[in-house]
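Labels run A, B and C following the written order; every chain starts at residue 1.
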Amino acid sequence: MNINNFLNDVGQGNADIEVVANGEAVSAFKSNGQTNKMLVEQMQKLAEIGVNFVACQNALKAQSIAKESLPEFVTVVPAGITEIARKQTEGFAYIKP
Amino acid sequence: MNINNFLNDVGQGNADIEVVANGEAVSAFKSNGQTNKMLVEQMQKLAEIGVNFVACQNALKAQSIAKESLPEFVTVVPAGITEIARKQTEGFAYIKP
Amino acid sequence: MNINNFLNDVGQGNADIEVVANGEAVSAFKSNGQTNKMLVEQMQKLAEIGVNFVACQNALKAQSIAKESLPEFVTVVPAGITEIARKQTEGFAYIKP
């Protein structure tokens, strides 16, 4: 929703966007239940237009979510916190939902 | 409160401050009820000494708040998320309350 | 936990880390109760390997926590919000838990 607002405002292709899911948020990538299925479909569409979706391996482990069960468009990184810090040092702005 | 602490610490005029209200937070600009009325008065005072208050149009729409009903000191932007990202690229620090 | 994940990922000594406790979070520095005692011990260990722990004086005051009651490894700053902004202007990435 936020990302759609952002893309509508700046225009597609005018910004690099990465969504890093940390902690409990990684469960958003599980397409169980109707609500989550719709969410995953929305993310799939955003992934197709260039938005990166990243999951924290520590968080997946803590929630017993197998890497293999994630949608194909999700990249797994060892630690979400490092990814967030690294992206900021690369010039990305940070927005905490 | 946070902003007052900040201004007391760095001194007025020594920092540019912008408060971007996104999502449910835009309702803070509605001066209905006693609590909110006091909050709006505090913001009014901060606006007078140079603090910018910004509301996300998407959020206003989602909560059926008319732009015209907002206090005069509030600026409306199409998408709060873009505003937050843009300010960071301009060198603003980001603080999520 | 997050900090441990971060250090495991980037390696100790490869990043400067500062934890700024603001608002209610300053109570984490009080080692009353078993849970908090364990937390303070974890922080103590992180402090020994170079992580800075900072508490906001405004927040301490608001919660009637005496500066003297804090663990030795905690630094008190007048306003946490200024510290967070300053660190970002110094090049620190910001991560809101």
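We take it that contacts are C-beta pairs under 8 Å (C-beta built on N, C-alpha and C of every residue); 3 or more make two chains touch, one makes a residue touch a chain.
Note that the coordinates shown come from a computational prediction; the quantities given were computed from them, not determined experimentally.
Student: Are the interface residues of chain A and chain C largely the same numbers on each copy, more than half shared, or largely different?
Tutor: different
Student: Rounded to the nearest 5 degrees, what angle rotates chain A onto chain B on CA?
Tutor: Rotation angle between the two copies comes out at 120 degrees.
Student: Report the inter-chain centroid distance for chain A and chain C in whole angstrom, where each centroid is the mean of the CA atoms.
Tutor: Centres of chain A and chain C (C-alpha means) sit 27 Å apart.
Student: Going through chain C residue by residue, note those that touch at least 2 other chains and give them in order.
Tutor: Chain C, residues with two or more chain partners: 94, 96.
Student: Please output the residues of chain C touching chain A within their complex, sorted ascending.
Tutor: It is residues 2-3, 5-6, 8-10, 15, 91, 93-96 of chain C that touch chain A.
Student: Touching residues of chain B toward chain A in the complex: what are they?
Tutor: Its residues touching chain A are 22, 56, 58, 78-82, 84-86, 88-89, 94, 96.
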